[in-house]
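Across the two complexes that follow, chain A remains constant while its partner is chain B and subsequently chain C.
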Partner chain A sequence: MIFEQLAGNLIQGLVLGAIYGMATMGLSLIFGVLKVVNVGHGAFIMVGAFVTLWLFNALGIIPIFAIPVALIIGLALGFLFYYTVMRKLIKAPELATLLATFAIGVLLEETIKLIFGSEFRGYNWAVGKINLGITVLPFTKLYACLGSVAIAVLLYLWFNKTRAGTAMRSVVEDSEGARVCGVNVDGVYALSFAIGIGLTVTSGVLLTMFIPVGINPYMGGSYTLKAFVIAVLGGLASPYGAFFGGLVFGLIENGSYTLFALLPNVEPFALTRFLSFAMLLLILLIRPTGLLRAK
Partner chain B sequence: MLRVENLESGYGPMQVLWKPSLEVKKGSITSLLGPNGVGKSTLLRTVLGSVQPWKGKITYEGIDVTLLPTHKKVDLGITLVPEGKHLFVGMTVQENLIMGAYRKEALKDKDDTLELVYSLFPVLKERGKQAAGSLSGGEQQMVTIARALMTKPKLIMMDEPSQGLAPKLVGEVFETIEKLNTEIGLTILLVEQNAEASLKAADYVYIMHEGRIKTEGPAKEIAESSDIREAYLGI
Partner chain C sequence: MKVNPAKYYPLIPVYAIYLIMFLIGKNMTGMWELMAMLAFYCALGQAFNIFLGMTGYVDFGYVAFMGVGTYGMALAITRLVHFKGLGIGLLIIGLCLAMVMSTLLALAVGAVALRLRGAYFAIATIGVNEGFRYLIEGAKIWNGSEGIIFFAQMNEAFGREMASALSTFWADVLVLIIAALAAFVTLHYMRSKIGYALTALREDEDAAKVMGINVTKFKIIAFITSAIFAGLLGAAAWAIKTPYVFPPEVFEIHYTIEAIIIVLLGGAGTLLGPVVGGLIYGLSKYYLAIILPGFQLLIFAPIIIIIIVLFPEGTVGMLKNRVRGTTLERYIV
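Entry: the complex of A and B
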């Protein structure tokens, strides 16, 4: 019985993990290329969640079609914040970019709060579910998982098969080297920031497809923290590392939930959060380059 | 070919270049000498645009390129072999070289340039599939020079290309530099700490001190002037 429950939860964890991974790729991409930690990461996820919510509740557009809308909004926000804020700060000390991205996050939260209010919202997109015997998986979750994998594959192809992607890889490896090869490094920074934010806003759509409730302007905070743990798991600068970090994190979170639920007098959800940060500390202490970095 | 007039630049509030002026004639090897930390690297990086010029003027083949972004300068045929290599260590040798042909102009002739580069550095062809980071220091320096050649430059600036290399390899690097000049007709602006070898290779020499050009002259004259050698080069 317990093993069935565990196996079922692990499947859920794998599905959620793919979405977590996708939700961290933007953070890792921006860190890898610009060496900037986007503290406002979760706020961009929240924007994606509100895009989904609004399109569905107000216009009846299903979340799958919210994906391209969120991507475009994210790209636009990325370019906007790069050229208005980040560009000037990129050579400044780290504290400047930390404060700036924190401020951008607050700005987004308060703007959304002005428009939509601060209560918790949700939507109900019922498209049926599939019974796997050990667990029941709604199609919405399955779509979100497939969407995450598809986006990760597209990003991989972009990085390895296109000229712009090659330029990005070269900047990740050595920006000065890229510059002497004639790569427009400033342009790569702008594009990478935009794509990073685009991915992050899009992940907000996918996350609400997994958890379609609890949408409110301040929902991003917990995702920022999770994304940091996942990014560190995956070696920080690699979007694919982040994706696999997400899978690992999803499995651990869901697996440990099942086990913690067996303990008397504990709130298993609170303990999984404790576990994730204990993990972050441990990784930073033992393997600061990330679990998945072989070199 | 390249003319730098009263250039001023630096990092943050710290001024490094105090109006040096110099000229690099087409087809020449021009050497910029001087002790560590006098602004030689900063001058090269300002010419390429990875450090922003504050004041002064940079002209290349008659065009004012002072404020042109770096990638546009690479399009015009200027490139830099940076100090400390700056290779893409996670990529293979061949991928590094192909990155050099990133600009559209260079990409067109990628295969021909690659063949030329491999004929100059046969060992790189053998190492083509290896990660650049796994090569020895001397080989990595070759990749850096080869990668710069892949941009199809007319003017190639080299920042300490012999730094950290064994004496035998230093000789090879200088041989390569002379070969690039005589056989391919590249114009070279060379920054070096190895004054003796540079004086031999160069046609014309500028000596830099504290962000300023202190003296200049044909390499032979500088080499023969014991005053200059003693005062600025310590040899």
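Entry: the complex of A and C
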């Protein structure tokens, strides 16, 4: 009984984990290239969620077609914030970039609140579900999971097969060296920031396909914190590390919830969150390069 | 030991501002609440500046120290209320407990997080703050997510009238005293070996290490000092003023962000900076809420971005450069 429940929750965790992983790749990409932690990360996920919600509820466009729209909006926001704000802060101390990205997040939240209001919203895209015996998976969740994997693979190919991707990897390794070799480092910074934000806004679409309710201007905060844990699991600076970190995180989150629920006199949900932050500290202490020891 | 009074001149403008705030609040009707809020922001900035301003390390989980300070006072009052005759001594015990608890947390956090630098340090401290909050809620420590409510115990320990005076007047006075003490300690550190060591470490930690400076020791001194003031501030401005503690409130990351904004507005690493930053932040927050209710954050966010990009040294940082070489130089530090 308990094992069946655990196995069912782990399957859900794996599906959610793939989406979590994809939702963290943008954070890791930006940190890897610009050495900037995007504290406003969750706000960009929220923008993606609202894009999906608006396209579906107002125009009847299904969430799958929201993916390219979200990507374009994300890229545009990324270039906008890079050239207006981040470009001038590349050499600034952490204090400045942390506060600037936080303020960008607040700006997005308040703008969305002004347009859509602050109540919780949701949408209902019913396309049937698949029964696995131990758990039931709606097709929307499955599509979201497949979409995440596809985007991760595309990013991998783009990174390794294109000139721009190679330039980006060279900047991650050594930005001075890349500059000496004739790489347009400022252009790489701009492109990486834009792609990072684009990925993050897109992940907002996929996340609402998994959880189509609770969409609200302030929904991003908890995703920011989760993304930090996942990024650290993956070594902080590696987008692929982040993807696998997401899978691990999804499994641990759902698995530990099932186990904590067996303990008497505790709040299992809060303990799950505690475990994830304890994991964060432990990994930062003993293995700051991440579980996969990515470069 | 010979004391050179000129060393303490920079405290004059800081204390003058605090005195003016107290007098305005005391003598003008309806101003006390605003002055109390400003005092809280000045004290928050001043306490945070001791670590952030002097070391350049961004502690994103700073509010955790205020949280445990609040719990310290709450626990002292709820557990010791039955010992009659302690009187105001109960508050002293509470403040001491708040200091002890924030010191212990700072030692634990410092042992883990201070090994890390830059962004890794910032993320680790967020982890500590959130982790501690969810541990309290999840394992139901100190009543878990139900929190501690101690209005009744306050009334029992101090009498109804005194409890009300404590929450509406003395708590705010205590906040001002804490702010003044934090300013004194900041200046004392700045003008001693600690300050010079921390400046070296802030500019280049590896170089400082090579020069033979025990960077770990000085980082921990600044970290714990800053944490103790946060604990005291939590005990005074939160526990005594509003006698309840709920984990989601006292570990709200929002307060850390406010502290960072205040320090940055005024100028990180300066003595007068957090006071000026606290005044600017508090006044603009207060009046924006009156003029444009609901739109404060929408207006504030772009202003903050502009300040970071265009004026990274903050108001006092710019002022300091302006008065260099004049007699004012001795007062603005």
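One rule holds for everything that comes next: the second predicted complex is superposed on the first by the 292 of 295 C-alpha atoms of A that agree within 3 Å, B and C clash if a C-alpha of one lies under 4 Å from a C-alpha of the other, contacts with A are read in each partner's own complex, and residues count from 1 in each chain.
In this text, contacts are C-beta pairs under 8 Å (C-beta built on N, C-alpha and C of every residue); 3 or more make two chains touch, one makes a residue touch a chain.
Note that the coordinates shown come from a computational prediction; the quantities given were computed from them, not determined experimentally.
Shared-chain residue A:A178: touches chain B; no touch with chain C. Of the two partner chains placed by superposition, only chain C is touched by A:I104; chain B is not. In the superposed model, A:E4 lies in contact with neither chain B nor chain C. When the two structures are aligned on the shared chain, A:A278 is found in touch with chain C, with no touch to chain B. Of the two partner chains placed by the overlay, only chain B lies in contact with A:D186; chain C stays clear of it. Touch counts on chain A: comparing chain C and chain B, the chain ahead is C.
Shared-chain residue A:S170: touches chain B; no touch with chain C.
Residue contacts after overlaying the shared chain place A:L114 against chain C, while chain B stays out of touching range. Counting contacts by the rule stated earlier, no residue of chain A appears in both its interface with chain B and its interface with chain C. By the touch rule above, chain C contacts chain A in their complex via residues 52, 56, 58, 60, 112-113, 115-116, 118-120, 122-124, 126-128, 130-131, 134-135, 137-140, 144-145, 253, 257, 260-261, 264, 268, 295, 297-298, 300-302, 304-305, 308-309, 312.
Those residues of chain A lying in contact with chain C across their complex are 31, 35-37, 85, 88-89, 92-96, 98-100, 102-104, 106-107, 109-111, 114, 221, 225, 228-229, 232, 236, 260, 265-274, 277-278, 280-281, 284-285, 288. Looking at the complex, you find that chain B touches chain A at residues 48, 50, 69-71, 74-75, 79-82, 85-91, 99-100, 102-103, 106, 147-148, 150-151. Interface residues of chain A, counted against chain B in their complex, comprise 163, 166-167, 169-170, 173-174, 176-186.
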